[in-house]
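Think of it as A, B, C, D and E in the order they're written, each chain with its own count starting at 1.
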Amino acid sequence: MTRERSRRLLPWLSTALILLAFFVAWDVFVRVTGVSELVLPPPLTVAESLVTVVTDPLTWQHAQVTAIETIGGFLIALVSGVAVGVVLGKVAWIERGLRPLIVASQVVPKVALIPLFVIWFGFGMTSKVVMSAMLAFFPIMLNVQLGVRSVEAGQREVMRSLNASRWQTFRHLELKSTMPYVFAGMEVGIVFAIIGTIVGEYLGGSEGLGYLVVRTLNELNAPALFAVIILLSVLGLLLYFAVHGLKRFFIPWHESVYGLQDGNR
Amino acid sequence: MTRERSRRLLPWLSTALILLAFFVAWDVFVRVTGVSELVLPPPLTVAESLVTVVTDPLTWQHAQVTAIETIGGFLIALVSGVAVGVVLGKVAWIERGLRPLIVASQVVPKVALIPLFVIWFGFGMTSKVVMSAMLAFFPIMLNVQLGVRSVEAGQREVMRSLNASRWQTFRHLELKSTMPYVFAGMEVGIVFAIIGTIVGEYLGGSEGLGYLVVRTLNELNAPALFAVIILLSVLGLLLYFAVHGLKRFFIPWHESVYGLQDGNR
Amino acid sequence: GSGDAGADGSGKVTFLSYLPLETLSLTPELLAVAGGHFKKHGLDVTLQPVKGSPQAMQTLLSGIAPITRLGQIDVMTAVADTGQPLVTIGTLSRGSSLRFVYSKKRHPLAKPEDFVGQTMGVPSEGGTSDKVVSLVLANAGIDPEQTKRQVVGLTPGTFSLVEQGRLAGYVVSVDTATILTAQNPDVGLFNPGETVKSDLQVYVTSKDALKNDSGTLQAFMAGIDDALSAIVADESLDETVKQLRTRYSFATLDDDKIAKASLTLLRESWTGGDPSKPLLVTDQAAWAAGYTELTAAGLAKSGADAGSWFDNSLLPKA
Amino acid sequence: MPTDSAETLHQSTNARPPAPAKLQLVGIGKEFHTKRASTHALSDIHLTISDGEFVSLIGRSGCGKTTLLRMLAGLLSPTTGQIMVEGRSLWNGAKVDSSVVSQLGVVFQEANLFPWYSVADNISLPLRLRGLDGRQRRERAYELAELVGLKGFEKSYPRELSGGMRQRVAIARALSIRPKLLLMDEPFGALDALTRERMNIELQRIALATKATVVFVTHDITEAVFLGDRVVHLTPRPGRIRRITSVGFERPRGIDVQTEPEFGAIVRDLRHALDEEE
Amino acid sequence: MPTDSAETLHQSTNARPPAPAKLQLVGIGKEFHTKRASTHALSDIHLTISDGEFVSLIGRSGCGKTTLLRMLAGLLSPTTGQIMVEGRSLWNGAKVDSSVVSQLGVVFQEANLFPWYSVADNISLPLRLRGLDGRQRRERAYELAELVGLKGFEKSYPRELSGGMRQRVAIARALSIRPKLLLMDEPFGALDALTRERMNIELQRIALATKATVVFVTHDITEAVFLGDRVVHLTPRPGRIRRITSVGFERPRGIDVQTEPEFGAIVRDLRHALDEEE
């Protein structure tokens, strides 16, 4: 009973403890090294500023914009990443042909593409959504590709012996079997989607948390800057855990989820 | 015979064809929309500029700097990503505790950290290496984590019944079994390592291809800018394919590699 | 005629700003919006921030927006070196809008000679700030190579790099300079405008826009002119600050002292110290001198006819 | 010895009842190539199986039984030779005639269940692929689960089953569509004697009721003789048909057929032949 | 009926030779809990196995044989009861006494080979874990490969093997360290009669030579009687010991022991008991 309970509490406790340790370390670091408050303000100062930032309703509008852009970009990346990943995972010659373009599209410095984005998508949210999707796409796509290729040969033969169509094989075997890979890709993807949005907002725009970063940078307001960063981190965590929660819901049968529930071992 | 040969040629052919199609599309797009040369120069102009850029020995120095920074960052990310991924994959409570910090560290806008980086690492290559490692770390770490958790229960029991130590289990089972995941993570990682380096060079530095991007952009030399981007893409591809090649070397037994060689199906 | 202002008749215009909107450097545009000066001329202006001058130019030339404000140096190099179809239709400031920040204790930068052998922080390699540093040196007969440049981002902590001696100083806008001096008494400022002639702020359009959309541009300049005149007339700046605050809120504006100090400095640069002179007019001689300065320092190709790169005809007749 | 095998083959081919040919294997051979070496798994297999016939396949471990079955299932293309199903060739180059595959039920040597589906969903997967509605599928799945002795486990997941239970799910899955051609690779290998006996009786009943043609791989000679109209004996490296033995008893056969002296004689004969191999 | 089982247990315990106890199972029970339901897999298992004894374990599919073996192997903790190995308790809460595990050789119901290692490397993996050098490992691996009839396949990879060949690799792997306590879960299930017979003889020889204690799960009653000093019969849901039968013949036994009338009687008896279950 007590073991059971402590086992359930442990993760929360460890989260709290490690976060506490982090803030203490930060505070100690600031005090010991005497680093300028402008480079790294002490946590308490940031906390104060966080209160100011959080109580400003405008902040929530900005956060909402960032969240919407990120989720939009992520969803686009998810759909296109799965679709492209499946196709490239199954058809080797298309993969070979497209790979250079895909890798290239990833390493192109986004700043060079901004004017094109603006021409195509305007100044609004769309260009940030696109940026976000571009960054999230790659990890999802590549993981799906791995997943599709890692389908167990024996299970594949079952589907072949059942005369399953491509779509049926996908739906009942590949999709399910690829799920754990998709989710690993999604966990990376959602984080990169946020990075993409922020970069997009940073490179041009007047909305979103990325814009608030630019603004606090320009105002040389270090505590507010770090407060916004904390907000961003919280947003990132929320989205990350949303994806993570989906995983536990969708693939309870997979070792990576099932194995953790344990008790039967 | 001919089928065999055509099968071997097909991927190269498709690569060439798709690249050709891409450049033609680019050219047509420029002609039809009459987009400003400053925003997107036609491919031929870029090609000319590429010749100039490539024949300049300085370019190679810059490329070398970028390559070294990227590889350095990537290697750091690989080692730390595998180490952290293994630990977090096996010890659930540490994972729960550290996850917020890891996710947060990813979404922090790197630009806010520059002064800290400079104070810690100076203006040289180190800060770019760190930036590169930071971006590449996450996908590697997360994939390793998935891999460690996806080890087959039956195989794990074999190791347990052999009284294998943690290290032996890692070496003979987890490491091998996780390899495909590590490589998927590495393929994402190397690409993000380049992005990280470029961003680092972009935000501060006077060396590397990222620096060339900024300079050509400030010179409004769009053809040169795109020539540098092409160089960057080539560098990205080289590194990507290096990782990809390692995969075929290291895990020939895995479905994702073995399945492609086929012939036995 | 301000009647048919916008291309689509609705009077919607996008103004590109390479500066973030939360800076007093952008006061003329902000006031023209907040004080209804654009509206009076039938315009509905959107101020759109973009990242850096090159992007502002790219966006302008791709026809998405008809007008932007840039540094004269950037315009001249762009036209001279790469033949971009840009036209200056008004000059806002008569002095530099940049300042070099240094530490009074560590290494004062009082004269160009103090820069020799030092590292200066600039926001981007080959950008305006970088060129201004070169011009300061070149105008003093010093080889610009004598001062190393280091790209540093503008963050609250950048000044500590100066305090630590990693940089001798770095280049910021007047606005940021005001905040910095308020934050830290050790901050010293070097005004490059004392030696550099070409670092002025100008309103720029593309040749296409000039041909097709001159009505809008004229109305835009009229709005700016009205806003500037209002500030010049508002000796105490109370009214200006009040009007700006009806619509905007940012650190330098929210602080009375900093706001007025900055605005006073800015106002001086717009009038060139002589309130009787017409605002916004591009001075033929100053323009030519700026070009000469650039070519002499090797920062722009020489031999072009700089006189054809500006056009005062869209300004309201005084 | 090839001569011996050819002779026996000839004899028994004559003894076969003159039903129409369902399956024809003409000179089938298979080689596996890996980077390191190549294995000659099967060589020169000639065999004709008539409609509704039950053929048992026996032979030493590694002699090519699974390989042969996989070729019949359209999963592996023969290196040489032709497989004809109802006169149509199964393999056209590397392509499979899918109309043949659709009448197939295959039980693999490994269970190959889908861990994300429950027992009932695993069993009824083939029906789902054919578009049956949920109620029908459920009914049939529960019926089959009972047949293979898994009543009460319909909602369990594969990881909660024992080895033998998993194998039985795989059998139920193959039977769900009432296949016309049933290929079974040691389906009862992990079952205890009693369950096995019951499954033998059931299989016999089902095969006759659905008029299915069955190719059945087993290591149990008694089982092979009990079930098969003919027993095909493969010898290894490369796998060749050593002998084909016809079993005269009328199907369905009761358990007591095993006590008949002729049955015993056939089993002994086969065992002897297997023992002799080397 | 529990009374019946208890009685039989008592009888045979008396009949056991008075060797020192190697394994003691005291009131072992196991329940599996899933979100949906819980399965009572084993209940109230009492069993004492002496040093060097060979115990066969038989019972219907799903009766808990694998579960019991996994608990002995230290892979699954019992819900109730104690397992003592040489007087030391194997399970301390959820922890396993690793000194016990180190004398273990386990053959699982599935082969569980490592696809990244060749046959030889798979076989010699346990030796590698114990730090033997490459030459010694290689020698032993080749020796064992020959023993299980896989000569010539030492450099093959698991995916290139047939089902039975994989199983034999797993057997060779378990034997490689000459374990003192050998746990085998239907090791010969996928083997043909002849290979199986040979493996039986070999296993008997090895067990005696190394003085190993063996717990051997099988579905083949003849095999169980042929190999075992005692045969333990489990009944399902929950798994309980129904009966323990001592087999009187001295080990090693030759194949001809199967023709002895007493042997036949024991087999018939067990078969009868299994058939009766329900």
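As a convention for this text, a contact is a pair of C-beta atoms (placed from the backbone, for glycine too) under 8 Å apart; a residue touches a chain by one contact, two chains touch by 3 or more.
If you're wondering where the values come from, they're calculated on a predicted model, not measured in any experiment.
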Any chains in contact with both subunit A and subunit E? B, D
Rounded to the nearest 5 degrees, the rotation mapping the CA atoms of subunit D onto those of subunit E is 180
Per the centroid of Cα atoms for each chain, what is the distance between subunit A and subunit D, given in Å? 50
Roughly how many whole angstrom separate the Cα centroids of subunit D and subunit E? 29
Centre-of-Cα separation between subunit E and subunit C, whole angstrom: 86
Residue numbers of subunit C (touch at least two other chains): 58, 62, 153, 155-157, 160
Residues within subunit E bordering two or more other chains: 32, 34, 110, 157, 159
Find every residue in subunit B that makes contact with two or more other chains and list them. 35, 38-39, 111-112, 115-116, 119, 152-153, 217, 254
Subunit A partner, complex, touching residues on subunit B are 10-12, 14-15, 17-19, 22, 35, 38-40, 92-94, 96-101, 103-104, 106-109, 111-112, 115-116, 119, 138-139, 142-143, 145-146, 149-153, 180-181, 184, 187-188, 191-192, 194-195, 198-199, 202, 210, 213, 217, 225-226, 229, 232-233, 235-237, 240, 254-256, 259-260
So, in the complex, the side of subunit D touching subunit A is made of residues 70, 73-75, 98, 101-102, 104, 106, 108, 110, 112, 114-116, 125-126, 128-129, 157, 159
Could you list, by residue number, the parts of subunit E that touch subunit D in their complex? 32, 34, 36-37, 39, 58-62, 65-67, 109-110, 149, 155-157, 160-165, 168, 186, 189-196, 219-221, 271, 274-275, 277
Sort out for me which residues of subunit B touch subunit E in the complex. 152, 154-155, 157-158, 160-165, 168, 172-173, 176-177, 179, 251, 253-254, 258
Which of the residues in subunit B come into contact with subunit C in the complex? 35-36, 38-39, 111-112, 114-116, 118-119, 122-123, 203-206, 211, 214-215, 217-221
